[in-house]
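Got some structures for you, see below.
Paired with chain B in one complex and with chain C in the other, chain A is shared by the two complexes that follow.
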Partner chain A sequence: MRDRARGLALAFALGMAWVAGAGMAPGAAQARSVRWAASGDPNTMDPHSQNVGTVTMVLQQIYDPLIKRERDLSLAPGLATAWVQAEPGRWRFTLRDGVKFHEGEAFGAEDVAFSLQRALQPTSNFGIYVDTIERAVVVDPLTVDILTKTPDPILPNKLASVFMMSKAWAERNNAARPQNTRAREELFTTRNTNGTGAYRLASREPDVRTVLARNDAWWGWAVEGNAGNVTEIVYRPIASDATRVAALLSGEVDFVLDPPLQDLGRLRAAPGVKVLEGPEVRSIFLAMDLSRDELLYADVKGTNPFKDIRVRRALYQAIDIQAIHRTTMRGQSVVTGTLFPEQVNGYAKEEDVRLPFDAARARALLAEAGYPQGFAVTLDCPNNRYINDEQICQNIAAMWSRIGVRTAVKSQPLAPFFAQVQRDDTSIYLLGWGVPTLDALYSFQSLLATRAGAQGDGIWNYGRYSNPAMDALIQRMKVETGETRQATIREALRLYREDIPHIPLHHQMIPWAMRSNITIPHMANNQPYFRWAVVN
Partner chain B sequence: MAAQSGPLGRMLDSDLWWSFKRSPVTVVSAVVALICILGAVLAPLLAPHDPFDLATLNLGDAFKPPAWSQDGDMAFPLGTDDQGRDVLSAIMYGARISLLVGVCAVVFSTIVGVAVGLVAGYVGGAVDGLLMRIADIQLTFPSILIALLVDGVVRAAVPREVHDRIALFVVIFAIGISAWPQFARTVRGSTLVERNKEYVLAARVIGISQIRIMLTHVLPNVLGPVLVIATLNLGFAILAEATLSFLGVGVPPTEPSLGTLIRIGNDFLFSGEWWITIFPGVALIAMVLSVNLLGDWLRDALNPRLR
Partner chain C sequence: MFAFIISRILQAIPVMAAVALISFAMFAYVGDPVSIMLGQDFTEAQRQALVASLGLDQPFFVQFAKFVANAAQGEFGLSYRLSRPVAELIAERAPATLELAFCAAVIAMCVGVPMGVYTGLYRNSWLSRFFLTFSLVGVSLPTFLIGILLILVFSVWLGWLPSFGRGDVVQLGWWSTGFLTVSGLKALILPSITLGLFQLTLIMRLVRAEMLEVLRTDYIKFARARGLPNRAVHFGHALKNTLVPVITIAGLQLGGIIAFAIVTETVFQWPGMGLLFIQSVGAADIPVMAAYLMLIALVFVVINLVVDLLYYLVDPRLRVDRAAAKGA
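Up next is the complex of A and B:
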């Protein structure tokens, strides 16, 4: 069996070497190709359908937002050259002149209005970024006014995550609204793109290979700082940790976004390979069904144990997070008791406190809540989205089983996993949450607001947690400014700690591994920006 | 040896026993196979830990090397995996699943193959043509491909919850269905020879029904080669199950077979935790090799021309 597997791997490696060799044929000396691998494949190419890092990491190479992020995640002009809050409820954006989409259409104000409108559609997963927008008004071809329902001081931070697409192209291809991934729908935009970005989609085979080619006509190459020289990006998902590392070590790929933690030592020691390390603005936590009166995937009938805070406390205190940090994460995590890491505006050290690990107390709490024999439940888990996600779930299943909560782990690749939890079809699940806006509101509003009519509220709140006190704080966060707002966030963090809508686990550390001849800035949002990548 | 009475005596007196004793390789493989089978069947009694009982796992025990190395722990003779599971116990329980799937798949393909072969050989004509062409067509596909195909179709057809529950049967069916043509062709060949012999003609003359002739007269006389193929196929079936599980499409991960263990351990091979994948691999090799050697011996021993 081992021999067979190794034989397969060898045959595959030989095949890849041949492909790579062919790419370096004479005359192609100018081509600087980066072969990039990570564990999961984007589950769509639609720019407004899935607000998921795995999708964004490819799409941000292709599409531009109005406002871009710099290396330190600060804001910089993108497709808009200037923006100003002309009135409390009106932002004016001046657009860049002469920008063209990959298929030749000129970019203009109509496209901005269309893209924002598209991100507001019910099938969009980007409502959180555009929730305050009333509508966008085209003033002239290069000026857009964005009218907001309430004054929104952080609108530019949010728009840095909304990609602009061509109105004419989308309408021509019947994709005027985002693809509905929940209904497993397929639109033209699922496999095709037309952005204004530094790279264009050259070919796409889902789960196999995605090739991006340099867009020499990109407006940004003329802008200072965008000195990347990569002409082609070949992305390949490689789910198996060992295979991904072997691919990097053997020269089959050049860049691995998520090298397995257990192999970092070996990668650091390998000649010609380097590892960049840094924290990510992403927190891993467990969220549970707090809405149904009877859980879908548990053996307790007629009641929902998670609604009892003692059960939530018990599950929390049964988790030996230090053991996970030490063993499964190999030290590459920051253990936390709160919703987001310190890079996010609103972080409060005094609220970043965990309930202590105490299995005996957990058992007592369960008994007190009326479950002395525990119960059985299914933990939903992705297996190629976050660092060691499946292992973490298995660790937790064992820890919970020890206090009597017999836990079955159901792990699946990210596409079916997200499709399932987005239908609220889960009892308890593991999720990781990055904060692209670097502001507390983004996490609170998406994950903890009651999912009501308002765009963006509770858009990722798949346990349907609903607490009027929390909702009130979130609504205040939306409009307040200055010290008042900071105090509101602190209050919300306190409520988060006391009410336990989630069981927080840790913030991820994100090592990137690559050939030594690649220079690329390590980003805390875990996004490789190849427009800044230099290959020598 | 003095002739003894009873079935044991008859066995000890037989040609088979004589040729068995004469071949040291066969004796060794029989012992290894016996150890594997006993270890697997009696796993709940013999295994030091219960790897399926999550409540006994402790993350603090994770990545312990085998007992004889420096940081080893006598409680975990072959070390532990990333979840703190005892590798030896996991192998014993895994071998149980592997053996169960292997044996059931072989029984399944034997029943299907023998039935098809018997009918084809005995009835002949268009029925024979049709059945054998089907077998020919299937033989042109690699059997692992057929197993993957069956698994893929079932996976797409039923919801995941149902699939997890029937996964074991799907794997048995997938592996079993991919091996029946070998049985069918052999049995058909033997049946063609037997059906024209006098005892069959005699049975037919006195008016015994066709089905009864097939089952009570022809069948016992064509079973010899079937036994050999079945033994050799057991090795194949165990290996096929391991391959499917290694590829992640076999039995559900909640019931890890040897292939699943090898797949999980594979992720830790580079980082130095070799024991997680090597020991299940060694167990698999020992099991398949010993069964295959036994099959080879059985084939030679039952073939009068090779004596």
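Up next is the complex of A and C:
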């Protein structure tokens, strides 16, 4: 027994030594393979099911939309080579000739009609991109007409987010409609793909590893600018921040999409690692209950102080946004006074002006509004959704408490937080908003329209802000075109600034971290496009 | 004996039912899967339809009864997050967790027992003092910190071992094992040490205390009087008698290792059941969370049952007491 124990111990020690001795050569990646990590894993491979960044970041390597986005997010030909609004309710798309899906099917007009129809199904989360589409008409194998219910000037912007799939392949595999994650069903498309894109899905183990292999037959390699040389992409989710950073530092991964802010200094200083910084199209703001006559979570009885614009101004002017920018965000934010950043169509520099930080003025405004002693209120806040969301709320609570608005922060993980605010069960809350269509309407319609039956109107307007003037502008935005529409958006932005339905804070910056031998353009939609990535 | 087992199993049923009720009730308040599944754009009608299709609009006890009836058949439905059967997901993740727990337990035993014996025999040597100080670190440092420290030293600074994941695995039927590849074995080292360190220090301190106790007893003095060599006294007589409580504790701790692998798995992105659970919490994926808690409860119930049975076999006094009680 004793000898056996000793033998075991020896064998164990030897084993340790052998394993350690075998060693790991850090950074010894095969040429042109990129090992990529981020915190979350895509929960489906269906191109029309889940409209979330973690799914799109993988699928956009595999599937192509009709219209692609350039490095500066402007529109460029994708599977369609030309498009024109032939008449107000009809768009004509000319398709690229000779494109093949990964499994060999030729791409054509039937596939476009099918894909749009599929995205229109109730089981799809892509409704917002196709909601104006009446139907798609196949004119000839390489021409499609898209008829819209009302004139839709921004249809190309929306279609840049809708992937094209093969009709024959989908029907053969019983996946003619998108996977319904809500009914908890699994379709063939949950784990299999067949796109026209630069990469094909080579293997996938959910939550562990997703491997993409270069599609040498991709039509786009011949197009100027697509000079990527990556032959293989290995995506692995790493949920723990510290581990993700350690994996990059130790050379086990090459590219981290979401490095934690507090580690950026260390990453910049590390040899062989670089940090790429840029703005994201996501704005952080506070919104408040502007509907109830008495707030749910405040000590003011019988009245709603937020309905008084002086109180809204006071809270706005009490926030020292530069301090938040400097300390909490470590410089990684773009301070703003408007609803969306400059990448979004309709942005107006002259409306991007904040009310100045002035605590004395804020106190005076509160007194004027009848709250010289201030009041107490609860600020609802997510703690794992946006960059440093909880810390931002705590900073603001401290600043408000200084002018007498005693603020308690209730911070929760995103699941219970969204469940709560979506019941309108809040008095004031922090929210972040991305604009995938890169058009102003998306923000105005979801956040500021009076909540009505119409699809998309006011669905994220949990303060139930309702202003007929704003509603009229939003309805005009939906149908107008050209310079008239730009003027309408500018008018809506002016009203937003004047009426203060939100207290805007900043646009997020998103740092990407990677090994120094990788070159990839930083994108404001937080999507890495590996067709542009070069590994030396 | 048979009646004893039956009575134990009958006692386990209300325990499981209570766990089911608590886990189910708790999950009703952790968050709303609906909002996560709907994404950023939806209409009120779509929301209502989803709530109805998930059965979330039914009364609490109807939902609970359905849950228990299905759970009794091993049927936990489909994960909200991954749209795959929960039983399949858990079966897929179980090998990773079990292999990790096994390695952690082996490390804890193989290192903890010799260290305990040494510190028991040579109480005042500097090495014993070092071991005891080290064991304080193991007991008091939180697991995630130990994991991060190990990653920092062995992955980032030295570059010897991988900081995350399971390496390459080999499929043996439905079981995926990391024991058969070099990268799989290397990937096991840091997480096993992290997970096993607490148990290791616990076993070391337990063995030391038992050794000190046993070394004072008469039969050890008698063995020495017989002129037996030290080695025979220490290992043949003393250690053997300290092992009974050690094995009991180690057995019970195995359940704990499996259940509390959550933190270790999160730090090392170890694709086991604990990581699945954490990811499910983030998405309010109720079926997975409920199934996981039920499974862990089952593991504990089974281990307790086995330990009870072992006591029954090992300790004749238990049998005598029961017989006497019946006779009276």
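The definition used in the following text is that the second predicted complex is superposed on the first by the 304 of 536 C-alpha atoms of A that agree within 3 Å, B and C clash if a C-alpha of one lies under 4 Å from a C-alpha of the other, contacts with A are read in each partner's own complex, and residues count from 1 in each chain.
Here is the rule we go by: a contact is a pair of C-beta atoms (placed from the backbone, for glycine too) under 8 Å apart; a residue touches a chain by one contact, two chains touch by 3 or more.
Given the structure is predicted, the values throughout are model-derived calculations rather than measurements.
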Please work out whether A:Q50 is in contact with chain B alone, chain C alone, both, or neither, and reply first, second, both or neither.
second
Once chain A of both complexes is superposed, is A:A398 in touch with chain B (first), chain C (second), both, or neither?
first
Of chain B and chain C, which one touches more of chain A's residues?
C
According to the stated criteria, A:P237 is in contact with first (chain B), second (chain C), both, or neither; which is it?
second
Look at A:A246 in the shared chain and tell me whether it touches chain B only, chain C only, both, or neither; answer first, second, both or neither.
both
Examine A:I128 and indicate which partner it touches, taking first as chain B and second as chain C; both and neither are also allowed.
second
Just chain B (first), just chain C (second), both, or neither: which does A:T94 touch?
neither
Please indicate which partner A:N467 is in contact with in the superposed arrangement: first for chain B, second for chain C, both, or neither.
neither
Touching A:Q179 in the superposition: chain B (first), chain C (second), both, neither?
second
With the two complexes superposed on chain A, say which partner A:T327 touches: chain B (first), chain C (second), both, or neither.
first
After overlaying the two complexes on chain A, where does the chain B footprint on chain A coincide with the chain C footprint?
2, 240, 242, 246
Listed in rising order, the residues of chain A that touch chain C in the complex are 2, 8-9, 12, 15-16, 19-20, 22-26, 41, 43-44, 50-52, 122, 125, 127-128, 179, 181-186, 190, 205-208, 236-240, 242-244, 246-247, 249-252, 384, 413-416, 418-419, 422, 434, 446, 453, 455-456, 459-460
What residues of chain B sit close enough to touch chain A in their complex?
53-55, 57-60, 62-63, 82-84, 160, 239, 242-243, 246, 253-254, 258-259, 262, 266-273, 277-278, 281, 284-285
Which bits of chain A are touching chain B when the two form their complex?
1-2, 4-5, 240-242, 245-246, 260, 262-263, 265-266, 320, 323-324, 327-328, 391, 394-395, 397-402, 404, 406-412
Given the complex, residues on chain C that touch chain A span 29-44, 46, 49-50, 53-54, 77-84, 110, 114, 148, 151-152, 155-156, 159-166, 182, 185-186, 189, 231, 235, 266-269, 271, 275-276, 278-279, 281-284
